[in-house]
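Some structures to go through are shown next.
What follows is chain A paired twice: with chain B in the first complex and chain C in the second.
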Partner chain A sequence: MEYRLSFALLAGMMFVNNLLWLFFWSLFFNRFPVVNGWELRDVMMLWAVGAGGFGWASVLFGNFHRIAAIVSSGQLDVYLSQPKPVLLGVLASRMSVTAAGDLLFGLAIYAWVGDRSLAGACAFALGLLISGLLFMGVMLIAGCLAFYLGNSEGIASQVFNSFVSLTTYPADIFRGMARIALFSIVPAGFISYLPIGLLRDFDPAFAAGALAMAVGSCLAGAWLFGRGLKRYGSGNAIAMRS
Partner chain B sequence: MTGWRFVLRAASGRKAEAVARLTVQQQLAYKTDFLLRSSFLLLILFVFVQLWTAAYGGDSAKVISGFTMKEIIWYLVFTESLTMAAPPLTAKVEEEVKSGDIAVRLIRPMSYLGYHYSAFLSEAAFRCAVHLLVGSAVAWSFVGAPDFGFGWPGFMALSLGALTVAFLLNASVALCAFWVEETAGLQFVLQKLQFTIGGMLLPVDLMPGWLQRVCAWLPFQAALYLPARAAVHYDGAMLLRFAAVQIGWIAVLGALVAFMYRRGVRKLYVNGG
Partner chain C sequence: MLALRTRGLSKTFKVKRKEPGLGGSLRSLFRPQWETKPAVRGIDLDVEQGETVAFLGPNGAGKSTTIKMLTGILHPSSGEAEVLGLSPWRQRAELAYRIGAVFGQKSQLWYHLPPVDTFELIGRVYEMRRDEYARRSRELIERFELGPYLHTPVRKLSLGERMRCEIAAVFLHRPQLLFLDEPTIGLDVVVKQRIRELIRERNRSEETTVFLTSHDAGDVEELCSRVVVIHHGGLLLDEPVERMKRDVLNRKTINVTLADPVSDAALALPDGARVVRAEGRTLTVAVDLRRTAIEQVLATWIGRVRLEDITVEDPPLEETIKHIYGMRQETEAGA
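The block that comes next holds the complex of A and B.
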């Protein structure tokens, strides 16, 4: 917090950025009030749970979407010389300032249109947990490709952009194979269906499935990272972390 | 004097052409990056097809604010192609200011803004052409062939003005790097303004009346809405009106950018090197 103004500006801009997306959705729902069962409030909660989940994950574990860059540039050497566990060290050694704006945005939107009862708050907290873990798990798996493919920064960044984009559109606009893919290969549906399956019409089977997918993807990512470490050859980069 | 001016102008044109040629060659060198970017466009357009199909209830004959579902999807192909074509000018200028590389750029025998404009325009035109090919493949397979008559030439005619307005908008944010350390946040906001009131995600015609009146007084629609609208709803008189709007904004934004540059470069100090 040494640079308070810079922090406020960066976090504030991200807050405004998300708000402008909601402005688009408000225009869209002004023209089409109900789309496949979704209303403006549901999309607002989708952004609250998505941005909020991404926010806490990036504030606490800011390197989760930079694994590919760290591995392929040889920066992992620095972490190998530090106390174990390596993965935790890598993830927690960076905090995203802009993501603080995402987290605040999520909480503000929840306070604005969310269910503020105890049950509603618990469901929202669970939604944030699932969303954050899923973002981390998916990006960890994509980032670990760098252990096997070498420079996979481009692919990891594409996975990141695509996954984030897919989590910001209502899950129910997708039909057929696209919907199946959204709940399997690209598990973005477990975030984009949270406003309905967890927050509006609680579906225990969906909630349990989403939690299992979130935890499972993190465990799979951690396992892949461990396996990848055994293959890792030093980047031979003589550098110090500033 | 007139002769000298002509020689100078011809030399400056040749320099701009050389920068444009180098930029396109640079783009061709990074084919993987290009393919990845195009695949992202495929995904985004696929999502939009799903969204608008749901909004129209799958009814291809339904007309909302003058747009059928097919026209909306093709409209989005044009706006997305232009949006994703714009190179990251803000990040480039910010990096040049932070690293001090701007000192080298300023002593080169070519205008700093002119250099960036040539690079921006050539890269954006090249990317836009590729994006149109990719986007057309998606739209064609989901909603059918484009049958917009003179819409394509209409789009081409307004694209140069659209990319110039986009450059000037981005340059006005990029030049803030002379005063503030980080311009990424401002760039985010500019981008989202183009997405929303610029008409990238939603044609301005589908917005509430009060917002349409506000948008008419802002430069954002000159970069996206006007060329895309001219493509799907071509009309000769409208094309001329749209071109006049673009020229007006180019004059206003051009003056603003030139003013910012003159003020900014005067307070610039580069240490070391």
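The block that comes next holds the complex of A and C.
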């Protein structure tokens, strides 16, 4: 590894950053021990499953939230000139270093407060899978807008920030239209309800729906990407792979 | 056998038109105006296997767009193309195993990794057998003299070293057809020369078809047997390089720095050579090679003036293409 110290610092800082948020939540739950049925442990598992899912997706497929920038700056040329599936090549050709901290954080929190039985471990692994796939699917769809709208980096960045924010709050604090949006347009609810619907009180319908939404959004993103390649306009920016 | 065939290959881009200034930006926000910009207009081209073709044109002529369509990166607006018997945009992955592409401005090497890691990855991307990869990479590393910097991160290499690695990397999977888009851009004379030698050697030993764009007349003269010129997206000229050299690349420029101020002795030149600029101790002379040779011009100075430095240059390719364009218009007007 070329930048060992940088890696350790970045991953470590992300770990500490996430831990600080849990510290604030612990202050809140000290005053209000139960909020709409959620306890501190549930919020900790929400962060574990959210950060962990984002972590593995970013470590293995680090470009998933950079699709818009890659498309609009014409950086697909190198991938298109190689014989492998373009989308897979793009996604896997970058590893996010800070996200290693997110993944470690997720695993550490699970080890601390999670259900460490075999069934609990399987449910947590499924939660990580759903969470990571949803992050990738949503960002892939947002990133593919670049094929149709031109420069959509700003929109993709907004979607990313909103999605990340919404996955860090308990799903049950949202009501009415906000809740409907949370399980449809911006499907962050399928992550933020995982601590209850999958990990605490297993709800097969919710688990199946979350998995279907996660897989479906990835498939929709891949389809949009494939269609978008026909509209790809390349570019003349000087580019290096990093 | 044909390596490449295009018929009516065209590409248009839809471009937003914006007037300058803040007002223009606001108007464009509420009433956007679009225009269709043709980048490539109906190109018909046949290239035989083993040929080395220079694909030339001024900036914006459509060279890179054509190469991107031929490699499957861009989908054409109309027309057909076959590269090694395959449709580039319909059979992109299948074709990619058999061709190679170097884009001078887009690197396929990982910036923070040493070239050896990229080579390893390319070997796997192209599904090379391990023994074949080991043999081939060893051969290319030796021929391209990459040993000393094979384990140095790419960001620490000079541009010349990086380009040698880029070109070696593209030869790894033994492409039958090589697209080179400005492979010598920004390189010094020595490195350019070395890269040309290496490409020529691969063309001869492996019969690799070479399709090259460049702004450097040296690349064309030393590497290619045929030249195709495009201008405003359409074909302007398609002929052997030898004929182009005779008809068009027949001028050189000599830049001389004298030990003393320019004198009458320095200005006494043979027919076919004329002074373009004389200032202080520097002299620029244009030589028409059809009428006189470089050595004849130099011979007039030897023993009569004291020379400090001499360089001999080709005219810029843009100038040559303008010249061809002018000749073509004259011919058409005459007809």
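FYI, the second predicted complex is superposed on the first by the 236 of 242 C-alpha atoms of A that agree within 3 Å, B and C clash if a C-alpha of one lies under 4 Å from a C-alpha of the other, contacts with A are read in each partner's own complex, and residues count from 1 in each chain.
To be clear about the criterion, contacts are C-beta pairs under 8 Å (C-beta built on N, C-alpha and C of every residue); 3 or more make two chains touch, one makes a residue touch a chain.
Keep in mind that what you see is a predicted model, and the values were worked out from it rather than measured.
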Touching partner for A:230 - first (chain B), second (chain C), both, neither: second
Touched partner set for A:177, first chain B, second chain C, both or neither: neither
Partner chain(s) touched by A:82 [first = chain B, second = chain C, both, neither]: second
Of chain B and chain C, the chain that contacts the larger number of chain A residues: B
Partner chain in contact with A:205 - chain B first, chain C second, else both or neither: neither
Partner chain(s) touched by A:185 [first = chain B, second = chain C, both, neither]: neither
First, second, both or neither for A:119, with chain B first and chain C second: neither
Chain A residues within the chain B interface of the complex: 6, 9-10, 12-14, 16-17, 20-21, 23-24, 27-28, 30-32, 35-36, 98, 154-155, 157-158, 161-162, 165-166, 169, 172-175, 178
Contact footprint of chain C on chain A as seen in their complex: 2-3, 75-78, 80-85, 229-234, 236-242
Complex contacts: residues of chain B adjacent to chain A: 32-33, 36, 39-40, 43-44, 46-47, 50-51, 53-55, 64-65, 181-182, 184-186, 188-189, 192-193, 195-196, 201-202, 206-208, 211
Complex interface listing, chain C residues touching chain A: 13, 64-65, 68, 71-75, 92-94, 96-97, 101, 103, 105-113, 125-126, 153-154
